[in-house]
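Below: a set of structures, written as structure tokens.
Next come two complexes built around subunit A: one with subunit B, the other with subunit C.
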Partner chain A sequence: MSTTFLPCGDYHQGYAEDHAWFQTKFIKGKMIALFLVLFVFIPISYWGSIFQSAFNIDNYWFSLIIRYISVFGADEYWISVFNMVGYTILGALGVQLLIGYCGQLTLGHGAFIAVGAYTSTLLILEFPWPEFMITLGLAYPVSIFIAGIMAGLFSVLFGLPSARVKGFYLILTTMAAQFILVDFVITQYVSQIGGRGQAFSLPPGTIKIGPWLIDNNYKVYFFMLILVILSCIIISNLVRTRVGRAWVAIRDNDISAEVMGINVIKYKLLAFFVAGFIGGITGSFWISNLAAISPEHFPWFLSLWLVGVILIGGVGSIHGAIFGSLFMVVIMELLQLAVIPLADTYPKLLMDFLFIKEATFGLAICGFLIFEPNGMAYRWWQIKNYFNLWPFSY
Partner chain B sequence: MEPLELFLMTLVTGIMVGGIYALVALGWVLIYKCSGVLNLAMGEMTLIGAYVSLTFYSMGVPFLLALLISLIIGFILGILTERIFLDKLIGEPVLSVIMVTVGLSFFFKGVVELIWSTDTKVFTPAVFSIEPLKFGPIIVGEVYLWSFIAAIILLVIFVCFFKYTRWGLAMQACADDEMAALSIGVSARFVYAAAWAIAFMAAGVGGTLLGNINGLNISVGYLGLLVLPAVVLGGLNSVPGAIVGGIAIGVLQNLSGVYLDRYFPGAVKDIAPFVFMAIFLLFKPYGLWGWERIERV
Partner chain C sequence: MVHPTNKLKEQTEEEILLELKDVEMNFGKVCALTGVNLKIRKGEIHSVIGPNGAGKTVMMNIINGLYRPQKGDIFFKGKKINRVKPYKRAKMGMARTFQKVEVFGGMTVLDNIRLGRHTHYKSGIFSGSVYAGKTRREEIKHRTFIEEEIIDLLEIESIRDHPVGMLPYGLQKRVELGRALALEPDLLILDEPLAGLNLEEVEDMARFILDINEEKRWKVTCLLVEHDMGVVMDLSDHVFVLNFGNTIIDGTPKEVQDNPEVIKAYLGEEDLYATRR
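And then the complex of A and B:
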């Protein structure tokens, strides 16, 4: 289901065209429209305020127009919801790479996100950065990179058993990663560093990329967009190179892959490294959104949630990670919005919302697996093909 | 306390708690053997059984009767779960089936929290007396002893059930070779439903016994995860393996809680089984008595 059927009359005449990002003008237009929506229309009220302060306009009519336009964009609350979506996409991409492309089942990805978050935080708080790096705002970007590598190495460490076991047994070792890293090492030892107690809070002004200080939801949103787009590009390019083909071969049948001359262990560990790297970047991105980080932010639930997200979205496609994240996060928010008006009459409902959320999530996973085992990405593919091939679908 | 006494006491406590683990692990192995489903919802199943018997017990029903009621409800729930969720997934890839059980575990957990809230509840009045029993130098809580005895009795019943009854033989046949079993007239769907029902019942007893030790709250469901190291140790499809594995994990957990806590303060007791399991898998991926799967392209 990787290729989309082209409309009648569109032909590819070369290899480069076959693998182009934007295969038709329509797709190009569609993507530009998507970027416009993501970068301009959703955070329109932010652009409005930037525009206003940049030109120092103090005009009644102008601010009125800005206020009316802002209605079409997302307000602060929805921006924070979108940030959550982005965080889930970034986390789910790593899981997608492991489960969807390399076939290595993992239920411990949250641990590597936690490793990334803690590495980044500790580097910012404890590392004696040279003065010029802080003034240039290099501390955070460098720490993101190191966090990625660190999480990648831990991921490889816990992926080592994949050399010998697979399937269910691999699930157990990755689960062990979650319990050992988060519940034990981070909770008991890492949290003691610096004597701050359980939660590490980042002082304002430390999350800074170059001259760009990330201090509100809108800026986190832009940062998130850039990261998501970058990692989508990297992963989709990676899976069509030799490495990605080797991963898919291992997923489909690891013994055949080995017979064909693929170094299975090397590529499995490489998949673990890349997935851990993305997980680490996810974690260090998320600290820009959290006032304080503590082990409770990375429970086992997070790992399960990410696997659930890609199952709902569709295993084995990047679309799947995105659709699944959007669906799950937005559905949960809508559920919450539906609960709030009811809370006046049933106050217990608000308290119990967490449990309802848990039960709904469980039922959603079961329902999708039973009734739509290919996920939402498959439906999307079908819809696209329907319109591409319309009116003669043969 | 003398070092030897401490060691013996830890060992005995470990064996007794391990008996409960073995019981739950048996339910797990049963499902895996019969239908090839890797069940991650075991912890929540123990929770449901435990809460049901606690509810009836606190309503004034005698303990054994309450346990019986929870067994009956577990039986019904097991059949329902299999029919509604698992029945449609026969033949699907392993990840789908595992994730359905994960989904089930969330669903069960959410429902349990909704109905019984998250506060710790205890069996009042206490079922077992608090007075510890003394066997020479070794002191054992009465709860532990009774739990162990109950677990052993149930294990014997289970083993007899498999060896001598018609249903049990049908289940064994199905586990051994599903196609052959089908061709001689064993109903696989019936066997799957029975496996889930029995697993639910075993989980309920295990949960009730554990709830008697330290009171009942959502963290008792953690037991369901401890079952995984136990079955990995024994081998996924081996009934004696589940029993040995359960007891071994109980002993290991208690020993590490006593001896390793000095060197690694914190929750060593909770993660020791998992560390052990991760290392064990590297050397013996199929457990002690599991079937080694030969793969062909």
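And then the complex of A and C:
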């Protein structure tokens, strides 16, 4: 939580400057560069094809150039990996808010993602939307919002024990959310709605925001980017204003928080609501990437995975959720890529890859807890300060 | 904004801010407090002293709302607050520091003090998440107040961006005082503000307490629990002596010093005999 030091010679001359988003021009430049990389360079092949079809160019040399440029961006496979990263970031942000900022240990966040996904799916498939809503493509955006609220309310419901219990006991009550909501309610009852059987398939063309049909990985990628950026902005604004400070105070010392005028129970439940809301949005975002959803998409391991992600990334920072997600998802993909060439000689490796994945997950957490208990975000903070304060770092 | 304590001049000196009436508190068979009566007048420094285990901190917790007494009533600003929750008492203008510092270790000094102003901030979950217009102006307004009134008063400019958990004990105590001050309280409960400080820090802290009690800007009524007799006798207008949950005396420092019961409670019979000789 501590602030990053500014390079020598950069001073603030007013409180507004100290509260600003981009404190120096250099930081602003870096952020613009990051936006360019995220929106333009990574999906460059998508922009290439858009460009080509928009101007109707049928030139051999032009397509060749486009193809060469596309080499620098991510191909369809890596875009889908990045979508997974975004999904994990969105999920981990909710967990980060509860564990990292409000200190309420939770192991049931996957359930609220599931609630969001199912609310959104059911609204799209079963709800009798008025005709103009469908044609304007408002069904999905509205369902995202409702999914967020539903998941938030369920989160508050399972967060109610937090008024009485702390720590390990709260872990158990939040785990109950996973087993009651996903394994019981969704699997046994919600899945029966509409008589489709276990999985709900989402016909192509249903996931539509306004006129924008989300039908390939690149579009999911842009949608993901917008959601991740929005929720990062919202959470980082929240934690630096009244509500977020109250959350951090409850995390650090709930008795003195109450003495300083914070209604502890109200703020705990508010944290559960906001975390659940983000979880619900995560779930309803994820259906845009899926052809069908079933309860198996939201196992208890997902909740555990999200907690692992923030442990690795760093508890109590938004950077932590992002770095943790990047690390976990990309490492797993690289591991898979490494295993595939070995599959000819050791076929069992590929067969048992799931176990390798889980073992790596455990190993990574152990390694981080031993060697970098503050997570990757702390290391990032140190690196930034090193460069900002160089050469006199004292 | 007219600060409530600025109206102080028009009011009589004798107005009672906090009153305990026959308060009794038991933990099982242990009587922590029996029949305690206490009146704190506006604008004074009222000390509570007593040997270890006399029930001083229990008394503070009762005033603060962390414990609920079995018998007796508590009045704050003329209102009965027996069943009022601690966070609502904070809104009524009651702040406290703790014997063992209870700062928010992971937050910076500035954020700790900002948190003390929680009841003065207005932004909610929606305006907070957008952080524009009103919220931005509010943050700047309170930041100005904190910087100019509290950080300047307590001389902690250089550490404002440090996480409190990493600061030395003396500074943590100071931050805790700043956090309580940020509430702009009418009654400030200081539970052993000098415990564990070195001589220089004790002098600083005593100066701060006098400042916030006497400066026209603050005029905060202080309820002080302390073991350092020199400081207590110098600072307080009234001293309340407690021993094993019983009131011994509630009077001016002079009266307390001359009271044989107090000397007995503190020094025991033997030493009393020794001092007479």
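The definition used in the following text is that the second predicted complex is superposed on the first by the 392 of 394 C-alpha atoms of A that agree within 3 Å, B and C clash if a C-alpha of one lies under 4 Å from a C-alpha of the other, contacts with A are read in each partner's own complex, and residues count from 1 in each chain.
Here is the rule we go by: a contact is a pair of C-beta atoms (placed from the backbone, for glycine too) under 8 Å apart; a residue touches a chain by one contact, two chains touch by 3 or more.
Worth saying up front: this structure is predicted, and the values here are computed from it rather than measured.
*Asks:* Putting subunit B and subunit C on the same copy of subunit A, do they fit or clash?
*Replies:* fit
*Asks:* Just checking: does A:Val274 make contact with subunit B only, subunit C only, both, or neither of them? Give me first, second, both or neither.
*Replies:* A:Val274 contacts subunit C only, not subunit B.
*Asks:* Which partner chains sit in contact with A:Pro161 here, subunit B, subunit C, both or neither? Use first/second/both/neither.
*Replies:* In the superposed model, A:Pro161 contacts subunit B only, not subunit C.
*Asks:* Mind working out whether A:Ile149 is in touch with subunit B, subunit C, both or neither, as first, second, both or neither?
*Replies:* In the superposition, A:Ile149 touches no partner, neither subunit B nor subunit C.
*Asks:* Going by the contact rule set out at the top, does A:Arg240 touch subunit B (first), subunit C (second), both, or neither?
*Replies:* Touch partner of A:Arg240: subunit C, not subunit B.
*Asks:* Should A:Gly308 be classified as contacting the first partner (subunit B), the second (subunit C), both, or neither?
*Replies:* first
*Asks:* Mind computing the angle subunit B to subunit A to subunit C from the CA centres, in steps of 10 degrees?
*Replies:* 80
*Asks:* Which partner does A:Leu138 reach: the first (subunit B), the second (subunit C), both, or neither?
*Replies:* In the superposition, A:Leu138 contacts neither subunit B nor subunit C.
*Asks:* Of the two partner chains, subunit B (first) and subunit C (second), which one does A:Thr187 touch, if any: first, second, both, or neither?
*Replies:* Once the two structures are laid over each other on A, A:Thr187 reaches subunit B alone.
*Asks:* Output check: A:Val259 vs subunit B and subunit C. Expected answer is one of first, second, both, neither. What do you get?
*Replies:* A:Val259: touches subunit B and subunit C.
*Asks:* Is A:Ala16 touching anything from subunit B or subunit C once the two structures are fitted on A? First, second, both or neither.
*Replies:* After superposing on A, A:Ala16 lies in contact with subunit C but is clear of subunit B.
*Asks:* Among the partners subunit B and subunit C, which is in contact with a greater number of residues of subunit A?
*Replies:* Of the two chains, more subunit A residues are contacted by B.
*Asks:* To be precise, I mean the smallest distance between any C-alpha of subunit B and any C-alpha of subunit C in the superposed model; what is it in Å?
*Replies:* Nearest C-alpha atoms of the two chains are 6 Å apart.
*Asks:* Which parts of subunit A are in contact with subunit B and also with subunit C?
*Replies:* In subunit A, residues 253, 255-256, 259 are touched by subunit B and also by subunit C.
*Asks:* Mind pulling up the subunit A residues that touch subunit B in the complex?
*Replies:* The touching residues are 99, 105, 107, 158, 160-161, 164-165, 167-169, 171-173, 175-176, 179-180, 183-184, 187-189, 253, 255-256, 259, 304, 307-308, 311, 315, 352, 354-366, 369-370, 373.
*Asks:* Taking the touch rule as given, give the residues of subunit B at its contact with subunit A in the complex, in rising order.
*Replies:* 38, 85, 88-89, 92, 94-96, 98-100, 102-111, 113-114, 225, 228-229, 232, 236, 264-268, 270-271, 274-275, 277-278, 281-282, 285, 295-297
*Asks:* Which of the residues in subunit A end up touching subunit C in this complex?
*Replies:* 1-3, 15-16, 18-19, 234-235, 237-238, 240-246, 248-249, 251-253, 255-264, 270, 274, 316
*Asks:* Over in the complex, which subunit C residues touch subunit A? Could you list them?
*Replies:* 64, 66, 85-87, 90-91, 95-96, 98, 102-108, 111, 114-116, 118-119, 121-125, 127-131, 135-136, 139-140, 143-144, 147, 161-163, 179-180, 183
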